[in-house]
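Please go over the structures that come below.
Common to both upcoming complexes is chain A, partnered first by chain B, then by chain C.
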Partner chain A sequence: MIKGIFTDLVLLKINGGIMNTESAVKREDIRAYIAPAINWAMMKSYYLNIQSEGNRDFPSQFYGTFNDLDIVRPASARPYFILPKGYVPLPSNQGIRYVTDGCDNTYTPLQDSDMALINYYSKQLTGVHFYRPSGNQVQLIGLPKLMNKISAVVIVDVDQLTDDDILPIQAGQEVDAINVCVEFFTGQRQLPGDKLNNKADINVA
Partner chain B sequence: MSRSLTPVKVIAADIAADIGDSVGRHQFRLMRKVLEGYRDMHLYVDQDFSVKTQILEVDNVINMPCDFVYETKVGILKDGKIAVMSLDKDLRKRKLTDSQTLGELNDIWCGIGLWDAYTFYNCYSGVNYLGELYGFGGVYNTNGFYNINRQTGEIYIGSMMPEGAQIIVEYKSDGTSEGLELVPTEVVMALKYFAKSEFYADTNPSLSAMNRLNYEREYRKVKALYNYRTALFMASEVQSYHKSSPR
Partner chain C sequence: MIDVVKLYNRQNEVSKNGTTGYSDQDDFNDRLYVAQFEIAEILCDNYERNQKVKDALSEHVISADVSVVSGQLTKPTDYLRGFEVWPKASGNIFPATEININEVSMYATSYVRKPDLAKKQVYYYFLNNKYNFLPGSSFDATLVYCKKPVPATITLTESSTDNSDFLTPTGGTNLAWPENLFNLFLYSMLEKLGMEMKDNLVYEYGLLGIQLTTNKLTTTA
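This part shows the complex of A and B:
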């Protein structure tokens, strides 16, 4: 499902099935809430898949591939490249699915705990390449000296998708994600203001 | 002898795929465990598996490679021949500066301070010629001795060496410290079980114990493979005990 249709469906449901120009909820409001709703749906399907099949894969049709990214080699820091778009903040940086170069070297991701050991083990594990994302900057360790371009495959952050991009929702989770969005805008408790903070104006009725 | 080899990363990626790790977030941890397993095997499986030979730069003090555990032989290589040296624990580290070396060489050429030893090129012991490889220099021990300081990982050579000679050291390697990319294919199964056993050690002790048992089974297979001797070899060994002495 593309992002534009998702937004319209949420808007339609909020308005009771009849679109109108008087609606208090605008498309921009819905777009702001899509990312949390989709991330929730992704994590739900992620854990469902683990429970049912022990599978941690996401449908690869949602993957965005960025080829020929420039590798920067600073004089006093590790080489790195910049991801052109953000990635979904899944646990253990799983939003970045893999990093690979033109020689079919697949890079191994490093976790926080691995960073204390990498200086020692990178000398023992010759021929193994590693990456470590920090924001949109991805550091490379054990990079071949002649390498100057690299490719990355990521699940792009929902906030950075356009209306024509496919949302990374697994089949069957769309309705749940729509309902989460709708509930956010319609399920709020209608409380009168308590401007003096003395509960007097709440209890007027 | 060519060998079938498997990359460490492939073993780690294989295990990661088996446990459902789709992006390889456990790969580094698994690679560390594979290294540990391989180091363990290197130390305790047969000598053929782990003894390494390296030719090192000639000096009075030889720094051992970082994967060095202990030496099995130290020798001098010259013109394709190797003279094996003997261990002398009395030898002490003595590294000369350039000017000291020059002075020592002058002493040799001028015949000063030779004591009761032999100049290198003649090497005459008073009875026979010892040969060029057991050289001699100044006040040094001349009989081809070495000593080793295990704390610093240094070998001290007690003899002067012929020009163009090289130090050759055969040593027990830990198999990993100098960098490891490939391991023999026959140990892959054992390493996989070892890595899984260590991987689950804290989170799932029963799974860890099961993998440990499998590892021990595979370890015995590897050990049997490396210790295997043919019946012909065994027969020749037995026969050698029954040979009569030369008449």
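This part shows the complex of A and C:
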């Protein structure tokens, strides 16, 4: 389901099928709340998948691939690259699905607890490459010396999707996510003013 | 189109104007001017209520391509009531929301509703007799509004014979309204005429007629 359809479905439900510019809840309000609702639905399906199948994957159709990202090599810090878009803040940085280069090296994610042992890992595990995200900057450890471009596959943050982008909701979870949004906005005044002229609104006798 | 001469004749027939007093063409034209604005206001207030009202205002509700310059749009000279503004991006329209003055600063600083042309989040408010937009950018738009009624006029030409004086009405400009509003205009003219002439019967008849016809128009079918 694309973001634009999701937004308008919520808007229609909240306004009882009426779409006009007097509606108290606007598309921009719903767009702002989509990310929390989708993240909730993603986590729910993630844990359901683990419970039922032991599967920690997300549907790969939601993955966004960024190729040929420039690697920056500062003089006194680890090499890094910048992700052009934010990623979904899933536990254990799973919003970044993988990092790979053009030589079939797939980089291994490091957790907080691994960082203290990074010196040990990099010397003992030669040929294994690591990455460690910090915001949109992703540090690279054990990077081949000649490498200057890299690719990353991420689940893009819902806030940064356009209305025509597909939302990362697993099939079957769409209704839940819509209902979460509807519930949040229910109770707000739906058609507060009669600035236009239909005299059918709640403040007009 | 309502024939102004027919309206004049009908008004005189109902009010027995010939025996209750005399009003010249300027009086008639002035009353007609007031009646047009009065009826336009009543209909504008109910524009979206039903098809009857939309049809009644069909000659007056128009759209115009306009350019918003630095967030401001001067109202057209024939502007009576604004209905909607549709900003355009790449030739396609998108919604703009009217906000009140006490909402402007909140919208301008809101993280959710912050005005942003690229995100198609555009708001407008009325200040200094202009449309003022958030954000204060320049863009093309379509303005939908009700235009002012064009004044309709009649000319009365006097002529006399040995025994009688006559007034011959000729239409200058007819009323640019659908003919099914003829009665509403007649009642409105009679109400004003009745008031001018202190003629209770004409006044009450006109008032009752206005109520009946506006009720009919605005009752949702």
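What we mean here is this: the second predicted complex is superposed on the first by the 186 of 205 C-alpha atoms of A that agree within 3 Å, B and C clash if a C-alpha of one lies under 4 Å from a C-alpha of the other, contacts with A are read in each partner's own complex, and residues count from 1 in each chain.
Convention: a residue touches a chain if its C-beta (ideal position, glycine included) is under 8 Å from a C-beta of that chain, and two chains touch if they have at least 3 such contacts.
Keep in mind that what you see is a predicted model, and the values were worked out from it rather than measured.
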{"item": "First (chain B), second (chain C), both or neither touched by A:I96", "value": "first"}
{"item": "Chain B versus chain C as contact partner of A:S76, first or second or both or neither", "value": "neither"}
{"item": "First (chain B), second (chain C), both or neither touched by A:S60", "value": "neither"}
{"item": "If touched residues of chain A are counted for chain B and for chain C, the larger one", "value": "B"}
{"item": "Partner chain(s) touched by A:N119 [first = chain B, second = chain C, both, neither]", "value": "neither"}
{"item": "Partner chain(s) touched by A:E28 [first = chain B, second = chain C, both, neither]", "value": "second"}
{"item": "Contacts on chain A seen with chain B and repeated with chain C across the two complexes", "value": "none"}
{"item": "Residues of chain A that touch chain C when the two form their complex", "value": "21-22, 26, 28-29, 32, 195-200"}
{"item": "Touching residues (chain side chain A, partner chain B) in the complex", "value": "50, 54-58, 92-94, 96-98, 106, 108-111, 114, 117-118, 121, 123-128, 130"}
{"item": "In the complex, chain B residues that touch chain A", "value": "7-9, 12-13, 20-25, 27-29, 31-32, 35, 176-177, 179-181"}
{"item": "Residues of chain C that touch chain A when the two form their complex", "value": "44-49, 83-84, 95-98, 111-113, 119, 121"}
